[in-house]
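My structure is below; once you've seen it, I'll send some questions.
Naming follows writing order (A, B, C and D), and every chain is counted from residue 1.
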Amino acid sequence: MNSLLKSWLAGACLAAAIPNFAFSQTATVKLGQIEAQTGPNAIYGYMSSQGVPIAVDEINKAGGFKVGDTTYKLDLLAVDTRGDPKEATIQLKKLLEQDKVKFVFGPFLSNVFVTIFPYAQQFNGKFLMMGGGTRIHEFVGKPGNEFVIRTWNWDAGPKGFGEKMVDYLIKTAHPKKVAMLFQNDSGGKILGDIYEPIFKARGIETMTEYFEPGTKDFSPVLAKIAGFQPDYLFPGYSDAALYDIVRQSIEGNYSKKFFLVRGSTGPGLKNKDGLEDYIVYVPKDFEEAEKKEPKVKHFIDAYKAFYKRDFPYDQAPLCSSSCYDHVYMLVAAMQKAGSVDDVEKIRTTLLAMTYEGMWKISFDDHSEQVFDFDIVHLKKGGAKEVVHVEP
Amino acid sequence: MLLKVENLTKRFGGLVAVSDISFAIEKGEIIGIFGPNGSGKTTLLSLLAGLLPPTAGRVFWKGRDIAGERPNVIASLGVIKTFQNPQLFSELSVFEHVMIASFLAFTRMKDHSRLRSFLSPAKGETTLRLRAEKALTLCRLQDTATKPAAELSYGEEKMLGVAMAMMCEPELLLLDEPASGLGNDEIQNLENVLRDLRAHGTTLCIIDHKVAFLAKFADQAIALQQGCKIAAGHPYDVLADPGVVKAYLGRSHHA
Amino acid sequence: MKTLLCLVPLYLLPLLVKSDVVLTILIFTFVLSILAVGFNIVFGGAGQLTMFHAAAFGIGSYVTFLSMLRFGISFWLGFLVAVAIVILISIVIGWICFKFRLKEFYFAVVTLAFAELCRLVALNWTSVTNGTLGMLVLEKPTVWLPGSGVVKIEQTGPWYFLTLVSLTGVLIFAVLLMRSWIGRNFSAIRLNEDLAQTLGIDTFRYKLLAFTISNVIAALAGALYGFYTGYIEPAYLAVTQSLDAIAMVLLGGVSTILGPVVGALVLTSLPHLIELPAEMRVAVYGMILILVILLMPRGIVGLFAGLLKGRVNAA
Amino acid sequence: MLQVIVGQILNGIILGSLYGIIALGVTMTFGITGIVNFALGQFMMIGAYATWYFTDLAMLPFPVAVVLAVVFAAAAGLIADQALFRFTRNNLVNGLLVSIGLISVMESGALLLFTTTPKNMDVVISGSWSLGAITLPRMKVVAFLLLVAVIGLTWLGLSRAWLGRATRAYAQNPEAAMLMGVPTKLLQTGVVVYSCALAGFGGALYASLFSLEPSLGGLFILKGVEAAILAGVGNLLGALVGGAILGVTESVGSLYLPSAFRDAYGLVFLVAILLFRPAGLFGSQK
């Protein structure tokens, strides 16, 4: 036991020491990324951990970036939380205390963020956390929480993309009743809390059902929803469930009209012959954008080159592409602020500026991101209509 | 009259394992019950120990009807049963095994304060350890006390089973085939031990199919066949009984 | 008892190791060790394969926090409430399982079913547990120290000692328990229930006792875990939590005193000692588990038993 | 409304047959090797991904893909048995932990190969049959019939063929069976491999119905074990019935009660059954 312990300790200290030696000399800026790359809820975390490395790789290959007269390279430390509180805490401690990281991307999982929040808050002002998790909205922009910035559009509010989506839905389809079907976890519950009022405010009747994570057979709950006779089914919130919901809803002819704010065009395209209407929020419709926007084309090529696999248009690796932009955005902010370690200065510059990447990214007064996006509207047979929205 | 069995019967569905058996055991005697395999010996013993509830009949222990009582209650009254093939922890020592069986003795300890023995068994349970050593000595296991059970011979293992039972200070000890699978000197040793146990004041009820071994020192014998008592009395008379010869010895010669 | 001296170096460790990360890993190790020690009492001691300890773990954290919130009492009083409730639940479930003589696989599955039910309650009783959103725990436990009076446990250092002391306490209790007549009766039951009964042991009562004790210990682990991470969610009651604890015990050595601790240490620290891509790490964890089970049937401690003088058995 | 209920009962039975095929594997493995292979769900995952790969990427016809998937799962099962389960015969807990280890190995393998992005196989048989308000997707019905057929054939095989009788004899009394000259080792390996093949077959049909993720197996092994216990371990047709009962309780349950509680309905039922029939619904009471 004793000997075992000692040897283990030696190992631990070694592990603790190596990174510090390796990176203390060269002028590098460390970026951390804390996401659930594995585990049942890893779909978004996995995607985002795809985008950042591409950008980091590009910047370093281009010889780094200049701030003042020093050139810096980026060093990415991506860690996997598996969505487990224990892991998340240890991993974030590693990043902040052991590797002295000042800029952390992630997390996308709400429960992971809440887990690490109490600890992260102790480092307020000492580092920046740029996460997409829906639940970050509750904490961001409050005194004492300056460390966190939410790198995703918020659904509600005048600039909220959710409201814009709903308005589009009303304009095009005039629904009376909308049925919501979300996963019974943090993300899903919050979606319900956000959208019920939005629909109510516009005089639309709603019904909300939650399903156990891991559900594959939705026909019971769909049958129940069919009893409510909704004009549109509003399912959430990741493709893992959406493929099954859309298919089963059509096959069992429970509902053939869908409205989505989380997820991709994939499920719609897959069932294009069965559905009647499929309105989905996507940050960007990549097929179209690739033709028009060089930056998008560049990203898609970079993705293919980096991972040596095809670019999944239907999945539209939304988080990955946005995280790619976020890296460049952060670098721009550093250059503008003329510092790579003055967290507060970089933060204020970041929040003040507008970054023109694949997206036009700016921040509202809650340090929550506002960016343009596309609404993809699939009709029976796959006819596609793309609407670009500037909040 | 220590134990009195009246019309004890046990059915498993259609099969009658023990049918309408009656007998009595006097204090201090050794009673041998024998019969071929499947004659209901083991079932009978389990009924006495309370491991099985009887279908009919009664069992009086010192005049109290204990039929259908829970086994631990019967044990606490002083009726202890050994098992034919003792299961043991390979890594535990012989002494530790006997201590595992020390619960009844523990509850009977005169000077015992549970808290004290919880906090420091070493001090709180000296009497218990003495008892354990005594039980081991009775069973001729004193030299193996510190050995792990894995190193015991089969004979010693069975003996350890007896020692664990003796740890409960039984008035009546029910032995389930103590001699089965033993070599001749092991059987000899077993006989000596059993004699010592009797001298020590324990009443013994032994079931076995090794007739010769039983006959030597049992005071009375009962022969079973298909759950029925076919003969009873002094061992040699029982062995002479034509029914027994036919039913039992006849077979065992060929077997 | 001597074996527990192995814990002494842990008390001195913070003097040598300043790395907050290492200490954090150890804090989790200690807390999970407590859970594993509890499981080892009912499984390694009385031979009952329960799957309920994760539920007890979760209930411990939920009830402690909720009663702190509702009644404005201290952490330890809140924990007492949790203990009371866990004892109640254990007795009910244990009574059902043991009265109906559920053994081995069946016992495991029924306790698992009950654990799942508890999880689903925590998940969907939103008004009380805040459901899937979980609860942020900003309160901290307090302890009274001679000299400095009542202090809040907030930083890593104090947490390290609080959890280590709790573990030591649980271990001492476990050693005493397993050496006492209770522990001997557990062993008798594990050896052979019929035999145990014919030795005068009320197996029903003692199985119930083992089950309850282990759940109470699990509840302690849960309370510490919830307050250390500062967040309580229904996932605490998940099957995986139970399986992890079982893995720790078998890895370290079932029916040994230090086994659970060693197992917890290995399983908690391993992912952080080997730097690998996420997917590979999971695979390596699996392989190591398999190898240990197949190659060291008596666990790491069992293997080192020769080196560790005075092999300690849970009997 | 009645039609909706009937529809859900049917749906539950169909879903249950998928639980049933796993339950069958669980029951057989437990009866013969004394362990529960908790990795069966992952063998199902192998079958599912194999089917998806062979149909969508290798462009083979679905039936061929199914056969290949079963072969794959069986092969994986053989490797697992020879490398691992061979050493955990009749040791429930070790079996449990070894299969847990195996689970993480297999899942991370799937992660490396296919990532967490869900895969969705091209529809094999599209459309559905409807009868009033009851609508059943054609593929679901076909899958159900195939599963029932396989379970039924297994049962027939075990009651008729020599190997089957040997298997049952062994399950009842190992020593006696060995004396009768039953090749124990072969039998045990055979059963483990066969159960994996069954899981693979289940996976193949799963792929034709639902979307695939590396973690898809976890749910099904739990249901499979529940179904097996519900029916009574060792009862082959019971496995199917147990699965169906679970499926129906879930489907109908979540029709009236919050669907978030879906998994609870089956569990409550299970506990209730075990209390009154500790050996399961069709298990022989000792």
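One rule holds in what follows: a residue touches a chain if its C-beta (ideal position, glycine included) is under 8 Å from a C-beta of that chain, and two chains touch if they have at least 3 such contacts.
Everything numeric here is computed off the predicted structure, so don't read it as measured data.
Shared contact partners of subunit B and subunit C are absent; no chain touches both.
Put simply, the chain farthest from subunit A by mean CA position is B. Distances from each chain's CA mean to the overall CA mean are smallest for chain C. Computed centre separation for the pair subunit A/subunit D is 36 angstrom, with centres defined by C-alpha atoms. Subunit C and subunit D have CA centres that are 32 Å apart. If each chain is reduced to the centroid of its CA atoms, subunit A and subunit B end up 73 Å from each other. Shown for subunit D are the residues that touch two or more other chains, namely 108, 111, 258, 260, 263.
Residue positions of subunit A touching 2 or more other chains, listed in rising order: 38, 184. Here the chains touching each other pair up as A-C, A-D, B-C, C-D. Across the complex, subunit D meets subunit C through its residues 30, 36, 84, 87-88, 92-94, 96-98, 100-105, 107-109, 111-112, 222, 225-226, 229, 233, 258, 260-261, 263-264, 267-268, 270-271, 274-275, 278.
Only residues 49, 96, 100-102, 104-106, 108-110, 113-114, 116-117, 120, 123-124, 239, 243, 246-247, 250, 278-283, 285-290, 293-294, 297 of subunit C touch subunit D when the two sit together in their complex.
On the side of subunit A, the complex with subunit C involves touching residues 1-5, 8-9, 11-13, 15-16, 37-38, 80, 82, 84-87, 89-90, 93-94, 97-98, 110-111, 114-115, 117-119, 135, 184-186, 188-190. On the subunit C side of its complex with subunit B, the touching residues are 176-177, 179-182, 184-185, 187-188, 191-192, 194-195, 197-203, 298, 311, 313, 315.
Residue ranges of subunit B in contact with subunit C, taken from their complex: 49-51, 70-72, 75-76, 80-81, 83, 87-89, 91-92, 96, 99-104, 106-107, 114, 117-119, 121, 164-165, 167-168.
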